[in-house]
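Take a look at these structures.
First chain A sits with chain B, and in the next complex the same chain sits with chain C.
The block that comes next holds the complex of A and B.
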């Protein structure tokens, strides 16, 4: 019996076996639709055994067709080896495609077995050919570059990493709203430029990176942002703080058809730099804490109000909080109607917790 | 039959046969049954199942050293006994074919998409045959080892999954208004995930440690319920209660969504945990195949156990080839579900009552 079983062992996966060198491994995928035709382009990294330096060769593919299946057929007809999507690092949608709806391609990602659902989604300011078909020096290829940029920014609490899975989870929900990172060329360098507001998988607007602080405070798991405060005594001296969120509470309530959203945030601030050294007294510290609180509050309040008045798009997941806090009411509600009249109350308590192991008051102590 | 099984092995056999078949679609059906509060049903079902398991064990312990095939006629008479055994055989044939075909289907859809069905099925049947040659004691030891491996990796999986969930989508855990069954069909699938405890009928029980065994069985079933509830809740947390209902193999989809950079090269976990899932499929199929060969070989003494196991596995192999379209599998599943739930939740009750009455009469006389 063991002999029979042993006979099967070398046969493992024989029908599915395909050497790494015999696959076209996709690193990045770009989606566009020009003149009503679907375009898929992307970068492939192919492992070649003979190469001396890197062992990886890069080349690009492009397929244009009436729909994605058609475009894919064009791609397949031009490749030496079958396409393998499991290695793709990031997907770039063009702005024009995103404004129509990215849902068809998201569903395609869901249904194509070899796609990783944890692949990064981005929307590009510039034509996707220009972004993806680019020789860069920072990284192996654009796909990796985008993934690494977004990953390091998100881990350091400055951006949001949105995967295809995140977006896919939201599509069947009663209310669909999410954010996707916005990338593009700035000074001829590929950069993270902000966040795209997606409502029902359609691009509504773009929040520039300067204005995203309020979003990051609420949505990043561990926000870590920098804030500048002027010294109360001298306006030329700017003091730099790194802020982290130590407590976040969101309450929602519906009273007489009026949605009330309360956001409570506790922020810890660490002193990280002063343009000129000037002592900070206890009362000045208190004053700065107040300034910092009101500044952060302003950031959050303004972006939430923008989401209500400009887009009527709740990308802060307040509807999830509402669903948890009032499950019965949520089932009967049309969140679109409720959210556009929502009242927001943000309270921020900032606390300066350390001074970067420095003592700006040293001389004052005499 | 002089094969004896310790109570620890009994617990692992229960674990091996119950966990497997229904686990993949469990999160989906939990979400369909009760959204984010569906886990309560799993715990309730676990409690009901543990009561039923106790009944099965109680009936068995009245006839130490014997199995249902031997004592059914003494308990309910010749004719009714034959009907019960016949139903048992019918049910186990369905159970075996469906669990094997689902295992084959799962391997094909998730790992080896280009490998033909017959080959996966052939390998699986060959390995099951090897397991069958070990008989009950071998199977018990083997469920013990597999059970430990499965429990350890499942616990690791649950911890990893819980670290990655979106806490918003797994809540609310309790609501008073949501506490009703939203879809009866998915609820039957949840019930079906607990089926398998009737295997105790086929194990000759001994009167030693009579007081301890029921507790071990109880703990095992409750543990299975907790594992189910945690897996379901973690998958709902990863995929969201609204989106999870679209995935038949929701658990595997959820595992595939995991991406934990902290684990370095192990950040993608689907490959590792699929091995665990295959183990659970395999133990279920092997134990059911054993049960079937055992019943048949003790009914028809002319042919040996070995020949029956070969016959049964060839039948399974052939039928997995025919169960090749979605509709056929669905129809088949419904049939197996109905007969399985019917068998598991009526006959133990009947036998238990009769056994209780008989014991009472004995005491009187």
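The block that comes next holds the complex of A and C.
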């Protein structure tokens, strides 16, 4: 028993003792690559010297070096307490750094034991310093603000929350492709602007937020998007629908060396508002369901085709479906090669579940 | 025995009582040419009863037998001890004995001895009266729905309360006298056709082995019945409510009542039963389950809260969400002590307050509460000596330590929480795990009269566990299996 205890002692003991207030708690980290030098920029929430206002005092640190270790040394030498990464909520990469590959820093996250793998990844349109060193009115710090924005958008089915763990899981795979939220200043406010397409951990392109509906329908666990349809009788009347996915099926097949991807989506649309009230008849409802179906189909089809033709990168993880559905074939083929010639067939069945706001059986029809 | 030698012995006993300051009164009567002696201890004797039921009939009998001016033959008028016992005195509880050596013991127990020097036999009359308080509400076992009668220091009263609840011919009350000087009566109570005989034999055996000058409280007996003196966890339940005793006797347990103690001992008692309140059996099943789980949870809170606080603050802040880490850091921002020192100081202060509030008279008890609140709750935080979170943790620990219905289960927690604090302060969560392992080892190696202390969890018995958690008597068809009772069915 004593031997066992002694063996474990080095893992943790009084030499690890360090009270929480004696640590420089990093809340957000920015990674940039200026003039070929690695730059780590970040915000620290600390309580030292804030006994009067009882709040978190925000520090800003910056370290520049030939590599990240060098930059970190630069930071450590200017801080009163050791850096504690366990509190970091979001990592912001600059566009220039992301275009060269974020993999080195992802690996660093993997290797640093106190980094949480659940930390949010984002790519910034604007200079990192401008984003991180801002006084935030909406939240405690930029780190928390970004985390909260992305969390609430994803929970409400309008965006994707991508963590370092998600990205790290893709790196060992053959075909590394994923999406990272794109943020930046708009009207001098930090906002979610779209999704960055990452191929082999390099930034390939940015999908603007208004074009991300097709991605959200397929990748968000509970998409809940807003769609506008014109009233068949009067085009000036716009009807607002909240759409949710009630069923999703993806089939893949390889026919004559051509990849066939079939996406079947059942969408429920709930009427949430009309600019001017005009009753909707049954036949008009059918017409609108058709319009809605083709609009959603168009959104999905266009983004999948863009991923095939423009980026040749499967960030929808269709290869996972193919691997499960055709395991033997998957081992034999080069997915990137097959994917660039893939044929996509999207079928969307939209169902309008209420014709006006007063329908008492709306929930029952779901 | 020769008459002369009996006379001599009586004379020497009476002289001894008179000469030495024993407090024993010797009343001498001359009735029909016979000297009658009444020996009694005024402090323990019902003097009205003595006068009305012994002295008065004796003197009146003498008056009727000797009419004024008439001289009767001494041989005809000789008074015998049997005549006094069977025809004269009015006492209900009398006994004739020849064991002269025990006279002193009887007198010291409050009995009145009536003797005639010429007779080998003497009368032991029960005229005992002990000053006692009346039956009041229990202080230990506070209850919302249960009966309010609690045991007193008088064994007869206590036994009457038990008898009143269980009118069963199989109820056994085995008497013992323990203590060479105190001669304290100890009653072992059980239901003959229910109890596991091994428990009775073991208790009987252990009580008979006690060789001590005096027993003052039932805890003396408890300490002798313990397997090892240094066992941390209590192996006997304590209660002052007769309904709890009755309930446990029906379950097949053994109860010990000690003269002069209002606290009854219940044996055997396993770990989880210390969290069982009599209210659980009277309440709605949902409430019973909820309150029972809260009590068990509070045991672990009392044991671990401050250690976990030290562990998180000093070693592993990353195991909690980032927002909470910041809140922790803000709370500790200006505290001069490290987390371990802060926790130890605060736990000691809480123990100090607890101890002081128990000892203080009721009138000034609330003052300690106010001092405690102001000193710890406000002043210490304002002076930035401790963090507000630490105060919350200590308050939580203190509150949790009062939740268990039988407070004795919280005594090991008071010791173990400091051990856990030191282990965690030195080794972090690893130390905490080590400390918890030691506690679990101690727990599983404890037994109560040979019954596994961790039953019915280990060894697992789902029926017993279900009955324990649900507590509802209508669902409890049998007695706990771990007790191995003679009669296992209740309904």
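One rule holds for everything that comes next: the second predicted complex is superposed on the first by the 336 of 366 C-alpha atoms of A that agree within 3 Å, B and C clash if a C-alpha of one lies under 4 Å from a C-alpha of the other, contacts with A are read in each partner's own complex, and residues count from 1 in each chain.
Operating definition for what follows: contacts are C-beta pairs under 8 Å (C-beta built on N, C-alpha and C of every residue); 3 or more make two chains touch, one makes a residue touch a chain.
As the structure is a prediction and not an experimental result, all values here were calculated from the model.
Judged by the touch definition given at the top, the superposed model places A:89 against chain C, while chain B stays out of reach.
In the superposition on chain A, contact of A:117 is made with chain B only, not with chain C. Within the superposed three-chain model, A:25 lies in touch with chain C and out of touch with chain B [touch as defined at top]. Of the residues of chain A, those at positions 5, 8, 13-14, 16, 116 touch chain B in one of the two structures and chain C in the other.
Listed in rising order, the residues of chain C touching chain A in the complex are 312-315, 317-318, 322-323, 325-326, 328-330, 332-335, 338-340, 384, 425-431, 434. Interface residues of chain A facing chain C in the complex, by the touch rule stated above, are 5, 8-9, 11-14, 16-21, 23, 25, 27, 45-48, 50-51, 54-56, 84, 86-89, 114, 116, 140, 144.
Here chain B touches chain A in the complex through residues 109, 111-116, 119, 123, 126-127, 129-130, 133, 166, 168-169, 171-172, 175, 177-178, 239-240, 242-243, 245-246, 256-259, 261, 268, going by the rule given at the top.
Chain A makes touch with chain B in their complex at residues 1-2, 4-5, 8, 13-16, 113, 116-118, 151, 163, 165, 168-174, 317, 320-321, 323-324, 327-328.
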